[in-house]
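One chain, subunit A, links the two complexes that follow: it is found with subunit B in the first and with subunit C in the second.
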Partner chain A sequence: MRKDVAIGLPLLVLAIVVPFAWPTRYVVEEMTLFFIWAAVVTQWNLVFGVAGVFSLAQMAIFAIGGYVTGMLGLYLGWSLWLAMFAGGLAAVVFSALVGVACLRLRGAYVALLTLAITQTMYLLIITDTECFYMEGVTCRNFTGGTRGLTGYGDFGFHQLLPHKYAAFGDYFLALAVLCTATAFSVFIIRSPVGLAFKALRDNTVYAISRGIGRFKYQLLVFAASALFTGLAGAVYAGHFRVMGANTLYLSQTLFLLSMMIIGGVGQIWGPLLGAAALMLVDEALKEVVEWRLLGLGLMLVVFVVVWPKGLAGGVEAIARRWRRDSVRAFAAVRPEEVASAKE
Partner chain B sequence: MTTDRPSSLLSCRSVSKYYGAMAAVKTISFDVRVGEIVGIGGPNGAGKTSLFDVIAGLQPADEGAIFFNGEDVTSASPQELCHRGLARVFQSVVAFDSMTLRENVVIGAAYGHRLRFVPPLMLDRDTLERADRALDTVGLLDRANVPIASLPVLDRKLAMFASALATEPLMLLLDEPVGGLNPAEADRVMAVVRSLAEGGLTILLIEHVMRFMVQLCRRIIIMQHGEKIYEGSSEGMVRDPTVVSVYLGSATARRLFHFLAAS
Partner chain C sequence: MNTAVQILVSGLTLGAMYAISTIGLSLAWGAVGVLNMAQGGFLVIGGYAAYAGATYLGLSAPLALALSALAGAAVGAATYFFVIRFMLDCDNFETNVIIATVGLALIFENVILQAFGAYPLRQPVRIEGGVNIAATYVPYESIAILAASVTAMMAVAWVLARTRMGRAIRAVSQNRAAALLMGVPVNTVYLQVLTISGVLAALSGVMLSTITTLAPTMGYDPMLKAFIVCVVAGLGNMYGALYAAFALGILEASVQFFLGVRFGFPAMLLLIILTLVWRPYGVFGRGVTQRF
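And now, the complex of A and B:
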């Protein structure tokens, strides 16, 4: 835990300083988006990496969070601050149902089912053409359809903050969600519950023979990973003032999946590292649009084949070697102190 | 009839298990009393492991009933049986490979001891002590923080024992505990099993090493093609013509006979 604080705290300080040091619209905007995606990936990692359930439903859970928030704002006139938490809870319920649906399936079949769920949701939204209400002479669909759900407003930072700093509101809101999401995932991974998730992943038969109920803990990991995913969806909806089915594109799911894999599946700091790396690469490739997907695909292939433990695994290996070398160098001088240094 | 603590801890009544048309376990009945060590022998493919799968709730029984500690557990799940006090050590060496040795044992201590309705967010002292006691019993406490994947087969096997013991079971199911080990390693596992037996733990043991089995078990069951072909003392076993012809062979039977006479 102390190690995690030592890694997390400097990153947090950095994230707080960045918008003041670099107050350009571009940086603030990109960082806000990075916080949102990174928050989703840290939670997805609990299901996919820690519990080893190959669910691809994370963006559907994200979309539930965003859409429920927007709809409560639009149809019931809720403040987004309140609607956001309802969106988070709706995401938890939805995700638990997905978890139940996946209970009898293993491996690739879980991936197929969850992908189908995401795709179905996408289709339901873009084929939604029925008039739900009239805005003047235009007909609006319940989900917003292909045009996206709009008209529910935002978090109101433009009224709260001076114009120059208005964009900081969403920035720090997204950062707050990412921070609590990260702290939550670290806590889960290090807690006995995380041990149960890993046990079921490592050897299901052995785990249930030692008293870990698969039903309960699979449900739990799906529910746990959904709260902050739903909140991230809500922040996304509030930030862009529109919630669209583009969040359910397969390419978006693959983009976040790449973040997790390149960062290091199941590793505590992998998702953050991967999200940062991919946002940077994506930025670099934006100039050459035709290469973007190819570049991301190639990176994914290279990591899966050559470096399956991802960036976090690589960093850890280097740190371990460095520590061993320093212990050895130390041993040359004072062998008697090495024993304690090793402990 | 029923008392608070039934003398028969495990009772199988005409239990059968079919894989397709093949009966892996066929109308098996036997009892294990509290504190008893009962051995199960028989050729490969006789259905011994399948019988354990059925008893431990991993495979549903197709016929018959199973009682544990006075209650019908015929359709109980593996985790429920574990909470009731039945812990199993598998024939193949299995482990939670991403964890340390201690974490492997903590799983048993935290989740196998009793059912937790609320998932534990912190480990209490009791749980940690239970895990360390179990590690100590198998002689691995000094290596507790080592990643289990880096340990040799013997230690991984003993880790399975430790995680079973950490659940504080009423009864152990041991499936060929010394299988796949060299003689020196087998001695260490045998010593652990003996000390558990002396400590009064009830044990049902599948074993091929007959000397070990006859030393430890007062009652032995021999299976063949899913059926029980013998149940009784080890002295009776080496004189039983069916057991000698289908399993032991006359040379082994003779050696065991002298071994029993000498001890």
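And now, the complex of A and C:
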């Protein structure tokens, strides 16, 4: 725990300082988006990496959070601050249902079923052409269809804050979601529940024979990972003032999957590292945007084949070697102290 | 009566499309546990190879088909040499292969997009014309796909059941270590399976693109449907996959007719979830069901 705080706190301070030190619109926008994606990936990592359930439904859960928030704002006139939590809860319920559907499946079967669920949601939204209400003479669909759901407003930071700092509102809201999401995932991974998830992942039969119920823990991990994913979706919807089916594109799911794989699956700081790395790579690839997919694909293949533990695994290996070297250097100077420390 | 024929014809067409895209996938996944997410890319490459052969090189239809098969074999073999070969010994082979082949799929999509553009093209390698059955127009293409899917499925089932190579593939699928100890060249088996699967995918890509159009992303939809067919049928059962493909096609066509086109796929998905709750290893699957 102390190590996690030691890593997390400087990062948090850095994130707070950045917009004041570098207050361009571009930096603030990109960082906000980074916080949103990183929050989703840290939660996805709980299901995918820690519990070892190969779910690809995370963006569907994200979209549920965003759409429910937008719809409550648009149709019932709720404030987005309230709707946001309803969106998070809806995401939890939806995710638990996905967990039930996948309960008896394993490995690749889970991947395919959850991929199909995401795809179905996408198809249902983009084929939605029925008029739900009229706005002047234009017909609007219940889900917003291909145009996306709009007209529910935003978090109201433009009224609250002076014009110059208006973009900071969403920035710090996204940062708050990311922080709580990360703290939550660290807490889960270090807790007995996290150990149970890992036990079920590493040896299902043995874990069950030790009294760890698969039903209970699978539901738990799906539900737990959904709350902050849904909240991230709500922040996304409020930040862009439009919620569209583009969040359900396969390429978006794969972008986030790459963040997790490249960062390091199942490791606490892997998702953050991966999200940061991929946002930077994506930024670099904007020069050659027509080869973006190729770059992503190549990175995925190379990491899975050559470096399956990801960046976080690499950092850890370097840290371990460095520590060993420093112990050895110390031993060379004061062998008797090291010997007594060993006893 | 006419309605019934219409639903049956469009259901059989859909079913044949699903069946033909399933074969290559089912072979690689069922036999050697490689769930190839780049299968859609194989389909697309096959379709575009035939297009390029016919348009740029002026090849006749059979030669264009041969070129497409060659391209499929090359891509399948390349997938083995550049990716699968290095992963055979890693811990989570089955799941890591999915991620690596997702990466491949992205690469293929990008290359095709840059080479041919995003604009949908018409597949020139095709059979023109059709026939009227009870006032329903049935294009010859649909009949060809139906015949090809059944033939290919039976051929693959025969190879698996009766030939020396098929026996080696089954041995590897049952127990890789034991097969290796018995002198089965395991690596060659993977190479063979991926090459054959590449050829089948490429040819089905040509046929599918005659009904839809050629586009860099045209592979994803048939691939997802093919996955679903595999999951419903259960792995390692070619005939089961054939039945499942046609059953799902007819079901989708009926739902589309009675409830509207947009509910075809969701209804299918719901049925699949219910099926899998009932039989997690598929309707025809032979997996050992364990209670957890």
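Everything that follows uses one rule, which is that the second predicted complex is superposed on the first by the 338 of 343 C-alpha atoms of A that agree within 3 Å, B and C clash if a C-alpha of one lies under 4 Å from a C-alpha of the other, contacts with A are read in each partner's own complex, and residues count from 1 in each chain.
Definition applied: a contact is a pair of C-beta atoms (placed from the backbone, for glycine too) under 8 Å apart; a residue touches a chain by one contact, two chains touch by 3 or more.
In this text, all values refer to a predicted model and were calculated from it rather than measured experimentally.
A.B. asks: Taking the superposition as given, does A:Ala276 touch the first partner, subunit B, the second, subunit C, both, or neither?
C.D. replies: In the superposed model, A:Ala276 contacts neither subunit B nor subunit C.
A.B. asks: Taking the superposition on A as described, I'd like to know which of subunit B and subunit C A:Val315 touches: first, second, both or neither.
C.D. replies: neither
A.B. asks: Just to be sure I read the superposition right, which of the two partners does A:Asn203 touch: subunit B = first, subunit C = second, or both, or neither?
C.D. replies: It touches subunit B, and subunit C stays clear.
A.B. asks: Once the shared chain is lined up, is A:Leu11 touching subunit B (first), subunit C (second), both, or neither of them?
C.D. replies: So A:Leu11 meets neither subunit B nor subunit C here.
A.B. asks: Just checking: does A:Leu89 make contact with subunit B only, subunit C only, both, or neither of them? Give me first, second, both or neither.
C.D. replies: After superposition on chain A, A:Leu89 lies in contact with neither partner.
A.B. asks: Between subunit B (first) and subunit C (second), which, if any, makes contact with A:Tyr217: first, second, both or neither?
C.D. replies: Once the two structures are laid over each other on A, A:Tyr217 reaches subunit B alone.
A.B. asks: Considering only touches as defined above, state whether A:Val193 meets subunit B (first), subunit C (second), both or neither.
C.D. replies: So A:Val193 only meets subunit B here.
A.B. asks: According to the contact criterion defined above, which of subunit B and subunit C contacts more residues of subunit A?
C.D. replies: Tallying touched residues of subunit A, the top partner is C.
A.B. asks: Do subunit B and subunit C land on any of the same subunit A residues, and which?
C.D. replies: Comparing the two interfaces on subunit A, one with subunit B and one with subunit C, the shared residues are 205, 208.
A.B. asks: Could you list, by residue number, the parts of subunit A that touch subunit C in their complex?
C.D. replies: Subunit A reaches subunit C through residues 54, 101, 103-105, 107-109, 111-113, 115-117, 119-120, 123-124, 127-128, 204-205, 208, 214-215, 250-251, 254, 257, 261, 290-294, 296-301, 304-306, 308.
A.B. asks: Using the touch rule from the top, collect the residues of subunit A that touch subunit B in their complex.
C.D. replies: On the subunit A side, the touching residues are 187, 191-193, 195-196, 198-199, 201-203, 205-213, 216-217, 220, 266.
A.B. asks: Provide the residue numbers of subunit B that touch subunit A in the complex, in ascending order.
C.D. replies: Touch list, subunit B to subunit A: 56, 58, 77-79, 82-83, 87-88, 90, 94-99, 103, 106-108, 110-113, 115, 119-123, 163-164, 167.
A.B. asks: Note which residues of subunit C are touching subunit A in the complex, please.
C.D. replies: Residues 29, 35, 82-83, 86-87, 90, 92, 94-96, 98-100, 102-107, 109-111, 113-114, 220, 224, 227-228, 231, 261-262, 265-266, 269, 272-273, 276-277, 280, 290, 292.
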